[in-house]
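In what follows, chain A forms one complex with chain B and a second complex with chain C.
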Partner chain A sequence: MQNLGIDNILKSFPRLLDGIAVTLKISLIALVLSIILGLILGIAMTSRSKVLLGVLRTFLEAFRLIHPLIWLFVFFFGSANIFHIQIDNVAVSILVFTLWGAFEIGDLVRSFITSLPRSQYESSMALGLSKIQMYIFVLLPQIIARTTPSIVNLATRLIKTTTLVYLIGVPEVLKVSQSIIQVTYLRNPNSYISFTMYLFLLIVYFIICYPLSLFEKYLEKKVLA
Partner chain B sequence: MLLKVQHLKKSFDGNTVLKDISFDVKKGEVIAILGRSGCGKSTLLRCLNGLEKIDSGEVWLDDALITGPGMSYRHWSEVRKKIGMVFQSYDLFPHMNVLSNITLGPMRVEKRSKEEASKEALKLLERVGLLEKQSAYPRELSGGQKQRVAICRALCMNPEILLFDEVTAALDPEMVREVLDVIRGLRDQGLTMLIVTHEMAFAEKVADEIIYMENGTIAETNTPERFFSAPSTVDARKFLNLQDDFTI
Partner chain C sequence: MKKLLALALTLVLAAALFGCASSTPPAGASASASAPAGGSGSLAAIKAAGTIRIGIFSDDAPFCYQDADGSFKGYDVELGKRVAKELLGDESKITWVTMNPGDRVAYLQSDKVDLMLADFTVTEERAKSVDFTLPYEKVSIGVVSSEKAPINSVDDLKGKTLAVNTGTTADAYFTQNYPDVKLVKVDAITDGYQALTTGRADAFAQDNTLLLSWAKQNPGYVVGIDELGNKDYIAGAVKQGDTELLNYVNDLIEGKLKDEQFFHKIYDTTLKDSFPEQFTADQIVVEGGVTQ
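Moving on, here comes the complex of A and B:
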């Protein structure tokens, strides 16, 4: 039992919880910000301005095609090298994942708005609704209902992908786990701590993501009904 | 005159759709606008509530000019309180139940209280025989029921004039009747209506006046009796299948 290192995990449990908290904090803040920003971007992507569309489209593709890890490096090391400022690594993580999520959600919102029949707008207009009222009472509730399953899906991907932030030194749960593994090995080279720790991590991610996945399936059924 | 249309012109990308349209609508009058597909009758309706911008001409409502350059979206919102419209595709808001669909305009545009708007909405629903559907969602209704709700939605704004754009064209035959019955009821109450339709028998019964359009112009304005028995233009005779004295 000693070799499995369960006692080490129990002993360092507060630190692991801190790591989980960092993971969840980055994911949650990024998710909330990207929903707000995504709605705005999505509406902006239905604009008639070719320049605006071109710029947004470029960013969308950039965030889709370029791996978030590279964006993390670009923002973290780039800001230090080019502008000689050191941005807090948690802030960089939140920024990168917010932009990543915002463009994903923006594209969902855009495709939903453009798929709505023109008569939905016209019947709102014919009732005398102002443009803002049309967005608040007619379009937004439908956009939210229709995109929620995809947003929940994005949340699970976000939580998994935030693991990458350990590469710019953010003490999220994987980073914490690895340092515990290293310390344990130093004291006891025969320990099986890495097996136990990664099993533990697997369970942690499963406990966080599986309910979200079930929630997504439930929502999808509800929306399609 | 409730509504006066003078020399209205409209084109899309250099393609003239409406050429010099003029007509008047008296209060309480029901006018059916007939004509072949593409003759411009739907576009004409859409010009009257600002869904299409007109190129030139004037539209007057209650002796106030409602068209012209520089008319803003806000201006049209005001006009649309008085000119209601019901569409072929009925487009109820899918995320709202029947009652909320009807009370949205009165509550948000006219700032009436929820109780008052609901009370009137329920009265309208009762009149079209859909009181028991007040909490249903649009997806649970048949096409004819949706269209009747859409009519209630327009009526709850207490418009001075109501525009009907081929409201039965997307419906199964047995549902056409239930919608037409509602419109006939509105005529009996004295509501002013402009009705674009392909239902000839209905137009004959319900309208005070027939406007027959051809290629973006008004080819004939006549009483229903005269129009359906002896239209004055050759084109209208063809349209009504009168030239060979045969009926299908």
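Moving on, here comes the complex of A and C:
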């Protein structure tokens, strides 16, 4: 029992909770911001302006094809080296994951809008709705209903991907766990702490992500029904 | 309409960027790396900020590590606390910034820490990018392996895999001098031990001090090579050109700390228990920055 290192996990439980809180904070703030930004980006991506489209397309591909880890380093060290501004590492994480999420959601919204039958626009015009009214009253409710399952899916991916932020020094739950493993080995080399700790992490991630996954399935059924 | 939309979009993006940058509170003292107001590095700026940002490892026991309760401990940490006490009058006025070994130069260069005390070996290469303080510890490269298949000389490494931490002196030494040794490069120090214990690597090369203490705690493993390459020194480091802080720390090491044999004292409290019996403080400790 002693060798499982449960005593150490209990002792450092407040730190683990802090780590989980950091993980959730980054994911949640990034998600909310990327939904708002993603909606706007998605609508903008249906624009007919070639310049705007070109710029957005470039950013979309950049954030999709280049790994978030590289963006984390670029923003974390780049902001300091080139612009001499120190951005807090949690803020950098939120920024990178927001942009990543926003372009993902933006592309979902864009593909949904372009797939809508032409008649919807024409009927809206015929009803005398302005373009903004059309977006708010006709398109937005459909966009929200259709993209929500994918957004929930993005949320689980976001939570999992935030483990990367420990590489720029954010004490999220994985990094805290590793530090606990190391200090336990220092006192008791025969400990099975790495097994116990990673099992604990597995359970934590499952508890957070499984309800989201169920929620996504439920939503998908509802939307398709 | 399109132009309006583009404008609105730009504004929102900008707002999101700056909103993120300014409104997020730092998450815990060990993480925040925000600069003090009015330029960083100079003593006045550190005093104005009321805290000194010290770069440290969270998994380099017994030199610098985070205990289960989250507090920082170890030989390097004791020096950091002392510097903070002398400079700011309180050894708790420290913002610990944790990182991986390969990022130490980048953290200094990009002004994310004032003083680096993360088991930092002095090398010519690094001295081009950062300014080192007087040394406070000696070290050479060691290689730890299993007792069953011990690696007692570099020749034993032929055809074997060796784990090293990216960007450490061991990494540079083997890459330059023994390019035919198969290297497994890992980031965290913990991962190096894990590579060895799980058999992904036949041996792990790191500072001998670190490995000796680890092998003492872990029966079945032996430091077959305990001094490889040149004798190196561990020192603090500051951003290049930050002479104010550099001189301050050097004066402290040469003066007050030497007089009270500070490093011998913290050897006794932090390191002694981790090393084999026959080891003496003078094999590790550098007092007063004197290297002979």
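We adopt the following convention: the second predicted complex is superposed on the first by the 225 of 225 C-alpha atoms of A that agree within 3 Å, B and C clash if a C-alpha of one lies under 4 Å from a C-alpha of the other, contacts with A are read in each partner's own complex, and residues count from 1 in each chain.
Convention: a residue touches a chain if its C-beta (ideal position, glycine included) is under 8 Å from a C-beta of that chain, and two chains touch if they have at least 3 such contacts.
Here the structure is a predicted model, which means the values were calculated and not measured.
Of the two partner chains placed by the overlay, only chain B lies in contact with A:S123; chain C stays clear of it. Of the two partner chains placed by superposition, only chain C is touched by A:I94; chain B is not. Of the two partner chains placed around the shared chain by superposition, chain C is the only one that A:L37 touches, whereas chain B remains out of contact. Contacts of A:V138 after superposition on the shared chain: chain B is touched, whereas chain C is not.
Of the two partner chains, chain C is the only one that A:V22 touches; chain B does not reach it.
Within the superposed three-chain arrangement, the count of touched residues of chain A is higher for C, of the candidates chain B and chain C.
Within chain A, the residues touching chain B in one complex and chain C in the other are 131.
Within the complex formed with chain B, the residues of chain A that make contact are 117, 119-120, 122-131, 133, 137-138, 141-142, 145.
Of all residues in chain C, those touching chain A in their complex are 1-2, 5-6, 8-9, 12-13, 16-17, 20-21, 24, 26-28, 30-35, 40, 58-59, 61-62, 65-70, 97-100, 106, 109-112, 187-190, 193-194, 217-219.
By the touch criterion stated above, chain A contacts chain C in their complex at residues 8, 11-12, 14-15, 18, 22, 25, 29, 33, 36-37, 40-41, 43-44, 47-49, 52, 76-77, 80-81, 84-91, 94-95, 98, 131, 167, 169-171, 175, 178-186, 189, 194. Taken together, the chain B residues at the contact with chain A in this complex read 49-51, 73-74, 76-78, 80-81, 84-85, 87, 89-96, 104-105, 108-109, 150, 153-154, 157.
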